[in-house]
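This is the structure I want to talk about, given as structure tokens.
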Amino acid sequence: MPIVQIDLIEGRSLEQKREMVKKVTEAIVETAKCPPEAVTIVVREASPQHIGKAGKLVSDK
Amino acid sequence: MPIVQIDLIEGRSLEQKREMVKKVTEAIVETAKCPPEAVTIVVREASPQHIGKAGKLVSDK
Amino acid sequence: MPIVQIDLIEGRSLEQKREMVKKVTEAIVETAKCPPEAVTIVVREASPQHIGKAGKLVSDK
Amino acid sequence: MPIVQIDLIEGRSLEQKREMVKKVTEAIVETAKCPPEAVTIVVREASPQHIGKAGKLVSDK
Amino acid sequence: MPIVQIDLIEGRSLEQKREMVKKVTEAIVETAKCPPEAVTIVVREASPQHIGKAGKLVSDK
Amino acid sequence: MPIVQIDLIEGRSLEQKREMVKKVTEAIVETAKCPPEAVTIVVREASPQHIGKAGKLVSDK
């Protein structure tokens, strides 16, 4: 702990995910006052056909 | 907010997911008294090899 | 399955949650073509001090 | 209910997942005192490019 | 990793949760072939007013 | 989207959660290249009696 789950729309590069994991971990460590080793992050990328916003699939917008 | 996460077994058509997102959003808007723009839905489809029920994989039933 | 997890800000009445569970289940049954008995819903109410939007706690807005 | 969500790194065999579902269900039934039919398990396998530990992607370690 | 999230209806004793964490961890270690230190479990207890089954709140059954 | 769910052990101050939401949002905006308005964060604080690590409740350590 802490455990961070991030759901986002697919399409980010590996480099973006690498930076995301680095910077989100730093943000957690700094504010929760825990060691970096304690932070686990799971990134889940979803297709626009699996996300709804305001009642519509994102792929239909 | 509200955020709705739906886990279900794979195999629904795009049209079914489109209708699911539309109708679930309507149900949330009507009962939580929030605007449709506030509702985000994430649909996750899982293979029957990743779901267990009563101690058995769904793919084994 | 399906499993539906709903995260929303606290403050809805029991009657609202009762209606939410009823109507969301109907929406899932109708679009996923499954029996109502297969639908499980977990509603999680969070305090405005536990939700962030656009970088701010909802309780600070 | 109970609902069990397991996130782990990809690479387990079907036989491992079959045993996991069987044994985790037994553990829940025994300790929560519920019938096996009440236990639903969702296993989500993530690529090492989607998991961060201590600020680094697992795929970079 | 692995991360295990367990949602269940409130009312289990501390001793039951202690045993649940012990036995579920053993089941994961044995089948995922990972060290016990790698397993994190989050137990979330929900009131029957926050769980829906077949379109009804569990508290109404 | 993105949606960020953070599970951590209870005991952080309101000010810590305020900073966490601010800094995690900045980290997501910078790396996912999305506007801050798109980022929703849910923080869930759990008691040490609800978290297991290496087969033991955190409250027992």
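For clarity, chains are labelled A, B, C, D, E and F in written order, and residue numbers in each chain start from 1.
The rule we apply is simple: a contact is a pair of C-beta atoms (placed from the backbone, for glycine too) under 8 Å apart; a residue touches a chain by one contact, two chains touch by 3 or more.
None of the values given here were measured: they were computed from a predicted structure.
Considering every other chain in turn, the ones in contact with both subunit B and subunit C prove to be D, F. Among the remaining chains, those touching subunit A as well as subunit F are B, E.
For the copy pair subunit A and subunit D, the superposing rotation over Cα atoms measures out at 120 degrees to the nearest 5. Separation between the centroids of subunit E and subunit F, computed from CA atoms only, is 20 Å.
Counting partner chains per residue, subunit F shows two or more touched chains at residues 1, 3-5, 7, 17, 20, 24, 26, 40, 42, 44, 51, 53. Taken chain by chain, the contacts fit none of the simple shapes, being neither an open path, a ring, a star, nor a full set of pairwise contacts.
Applying the touch definition to all chain combinations yields A-B, A-D, A-E, A-F, B-C, B-D, B-F, C-D, C-E, C-F, D-E, E-F. The residues of subunit E lying in touch with subunit C in their complex are 7, 44, 46, 49-57, 60. Contacts from subunit A toward subunit E in the complex involve residues 1, 3, 40, 42.
Contacts from subunit D toward subunit B in the complex involve residues 4-5, 14, 17-18, 20-22, 24-26, 29, 36-37, 39-45. By the touch rule above, subunit B contacts subunit C in their complex via residues 1-9, 12, 16-17, 19-20, 23-24, 26-28, 30-33, 51, 53, 58.
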